[in-house]
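Two complexes follow with subunit A in common, the first pairing it with subunit B and the second with subunit C.
Moving on to the complex of A and B:
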């Protein structure tokens, strides 16, 4: 066993400052302080559970797997969007400050309403096997590997939280999570759609100015900007702005039309 | 696109009022079984509604790692459904329902290809087919996989399908009870809580599908999520349904042990599938003693008992574990085939598994028992209630094979969804029993007016510690009886459990209701374990160490009056043509 945690102090206490409040009501908005005993290897979620069990059962928090797999316990810890279950208390200097994600409306305390994501998800043209794909697909591991990274996404929505475009609510941009989704479908070896026109017109991809904040905080280490957003932007440029492609497509009829008409006809496979 | 206001929070909640929702088919649970059921019911034109306790896509299915078992024969062409069927029956220690195992082994193949057509990206063979890896007690290489994140890919793929079809869902809704029709024969409605607002919701339906998963949280050391508190088993039992083989709780051989905060977290069987080696503190490869033929890839019950025995005999590490080593496969291979395990150990324990050994010990993983269902349709013994996935029993018998749960949820989720939709097509929404609803509303809201002051968080802990101590891998009558006695004391205390604060997102309220379910499920487990006086599969009795022919029985648990009663029912005999397929 590595000594990583054993070297750190196992005793003592840690102070948490937790942001409380109900909905958007400013009258209820406040910080509460709690002192929690330190344990070796403890993560912020352990401390939150300690508060609920021993200090204040009315504290609301969302969690599920406690193993970094489900993406439920997203919060802003000392100002940085992180999963509470994957943030060791020992990694934080001074008091631990826990706040809700600010890009989303608060439900209660550190729990936010992430429903808007499902409406956005429903806009993205879904996986559609290309014609002639057959019942049993044949493709190769290299084809899988291109899209594999994007499928690590646990939908914690921390990238949406950190994205200043989403956060300031001023633009109709789907946000990093949903660009990753589109990229994962576009790079699926058997997918027959092209989502460039959608990403340009409805997805608001142009609003992203590549500040790369999302890829810095992704707990799954998906290189969101470099591997998903930039290739999707390039795709839009190639397909939507290249004059030769434009002329060719105009004469021949376009594959993008399929992607657009897909939602219109409500066509699920 | 993005709003700063929530639609669901700023709702004023009246004391006892509730919202009413009407549908043809209500699916309770948003894991693989629930979503696959919903897709099928929707495709069969039933007006379908999915409700789930966590956010959509967070259900315990995401935790499944190693793969989905189906006899595609892509890597080992000798494989076929017949061998998969035999493996399932034999390793289930002959407690499985043969018809369920037959349907399962046959249909799992098509369900995997279907999942691929839905967009899942499986790892490939060099010929471009779906790759399959070896797993414990599967005769052939059979587990189709997506690295070690098969469950995540499965649930995300089904989630995409649900969203693309526009199937309505309500997440963060906890269903507490099923309400019958006036005659008491058929399920007619379900009562639930919108967790975000605390508002009660009455769901009226023609058929309901329980896809609520398992009950691992009744144990202290478990790989299970917060959600797995056995609510589905509890509400089915309270509605009068028969439970079966509740004593059969799977201990996964390898869970993390250190640091304390992650104790019980799963270490996928794929580590052993990819060549991982188990050793004790003395460096002995101890599986040579327990199963020299299959070694680390023996059945889960065998490996879990072996690890347990080594630790009890004093050959464990100082943390009370044994070692699991995969470092000989090299860093590149490990990072590619077991990326989550690599991250998990590095991030939570500071261990680099490409260089160091892991410390592992058994962790509660799965309930083989559950609500008894009809093999063809998934209908329970109460008309109108269907069950699929971990909440249902019958397929896995005394021990579930790794990878069989993911194919289980697709095969039987689809069947339950189809059967529920068929039934719904020929009927009207039944009337529900208003008296029963009234008494349920009273029960659900009672924690707020509790005269007592018991803390549900402590109660949860007390239940889990009691089960771990008295109803673990190695059982005997004295321990089980002591466990039952302690559970009764906890139960008395739990009646005084108190919910604190307003109703919206109120953990102490939800936990109180879950504590009641956990007590009921624990009682069913203990009583069934007392009943089965032999050692079979995951159920080991030190006072009855032998397996006995006489015990080829399913143990049925059913409520009679207020009393929990048991009945022994012989396991249905295999027809000759299927018996001929069995190879031990």
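Moving on to the complex of A and C:
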């Protein structure tokens, strides 16, 4: 891709096909074509801004930082969920097709309503300090290495959009972003909750079939499937399937069993 | 789209797609079963066929280990069941009208016992190194031949694949939330980090280790058929 930048820096024009429409009204659903002058290093969001400034001010697009930090400008570019501000126009062969995220209801043009995510967020059992954690948490770098990776999430919800379970099936699956959230809490050294039962029963973790699309498209390069979803699945195996772990847990005595029954509530306190 | 280094442009794109891992696995199962039944070559000139190590009767165990492997799960859910086929999908209709239960139904819940097949896989690993050692000394003197190196390569790849398993990752440290709270926490974090590096190559190792098994089997069959493909490096 880097070679392509050198081949045709800022020459000519690029054609954008932008999906327009208001809400879910099929009568307004259409593709509009715009021809935008190329500039060196231009990203798709620049082209959208050019359209708004020079061609059609009625085009709606959500954006904020233009630097891949805020997660606002999520869209589907040539079918692939991406951030508009991190997609160089020159990396795309042919016309640039910009569509809203299909997993969420459209408000207008490429702006979608991602509110459903906050309802799911409220379902995840929150951080709960483990017994004896004290007032001031004291832990070491190696204890938070893993959950730090998940803090990179900018909540662009591209993983939710690309996930076929969230997108195409009416399944009770929280989606990749929220498994990442649960994993970041589960792996926190000072957290005392075991969210495995919750993730299996209410979180619908079993719906994930490891096809790794979320991991492929994450703009923050969080290794969603390998580092969050599969470890969460292995914890569910520990809690719900593995007979050896079950025996081990019961042999460890009443104190541990008590802790388990407390954890087994799995719901929010 | 994707970041491909230059040499990969020489290959057809389809060869780099993960479905080749799936279909090669299916092919190995079919050809392996047929070959083992129709033309058994359990051993030739001190080389033990990996299908027979330690005995052909346990072949189903590594077979199920691969079937429940997270790398293969990705492949067959994408390319066999097409849930989904790919990630760039303007209007993908491949799931339309089909019921989807993911890994929640009775059959796919068996995936959750992957770790038990891992235990079996680890138990089988030493036999491949035994085969390598046996091929060196089978004749009573020490002899190093090309076939022995092929056996060793196969053993190493199988070890790499087995020990890069996600269930193993959970076992060696993924199940610990607070490394400074447990005994030998630093060492366990170290092991976990190294295993995580290996784990990031799990998909590649899954395929390579499959190819090496087939290669060893074909190599032995070639030798048994009288092909002059073995080279002796050392004999004393």
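Some observations on this one:
The rule is simple: the second predicted complex is superposed on the first by the 233 of 269 C-alpha atoms of A that agree within 3 Å, B and C clash if a C-alpha of one lies under 4 Å from a C-alpha of the other, contacts with A are read in each partner's own complex, and residues count from 1 in each chain.
The rule we apply is simple: a contact is a pair of C-beta atoms (placed from the backbone, for glycine too) under 8 Å apart; a residue touches a chain by one contact, two chains touch by 3 or more.
This is a predicted model, so every value here is computed, not measured.
In the superposition on chain A, the chain among subunit B and subunit C reaching more residues of subunit A is B. In the superposed model, A:42 makes contact with subunit B only, not with subunit C. When the shared chain is aligned, subunit B comes close enough to touch A:155, but subunit C does not.
In the superposition on chain A, contact is made by A:166 with subunit B only, not with subunit C.
Contact with subunit B, but none with subunit C, is seen for A:107 once the two complexes are overlaid on the shared chain. Once the two complexes are overlaid on the shared chain, A:234 sits against subunit C while remaining clear of subunit B. With the contact threshold set out at the top, residues 1, 139-140, 143, 169, 171, 173, 188, 191, 204 of subunit A are in contact with subunit B in one structure and with subunit C in the other. For subunit B in complex with subunit A, the residues that touch the partner chain are 1-10, 54-58, 60, 62-63, 113, 116-119, 121-124, 126-129, 131, 146-147, 149, 152-153, 156, 160-161, 163-166, 196, 225-227, 258-262, 265-266, 317, 319, 339-340, 343-344, 347-352, 356, 359, 455-458, 461, 500-502, 504-508.
Those residues of subunit A that touch subunit C in the complex are listed here as 1, 76, 78-81, 91, 97, 99, 139-140, 142-143, 145, 162, 164-165, 168-169, 171, 173, 186-191, 204, 206-213, 216-217, 223, 226, 230-231, 233-238, 240-242. Those residues of subunit C that touch subunit A in the complex are listed here as 1, 3, 70, 73-74, 77-78, 83-84, 86-90, 92, 95, 100-104, 108-109, 112-115, 166-167, 169-170, 174-175, 177-181, 185-186, 189, 199-200. Those residues of subunit A whose C-beta lies close enough to touch subunit B in the complex are 1-5, 22-24, 39-43, 46, 49, 52-54, 57-72, 86, 103, 105-109, 111, 113-116, 118-122, 126-127, 129, 133, 135-141, 143-144, 147-148, 151-155, 166, 169, 171-175, 185, 188, 191, 204, 266, 268-269.
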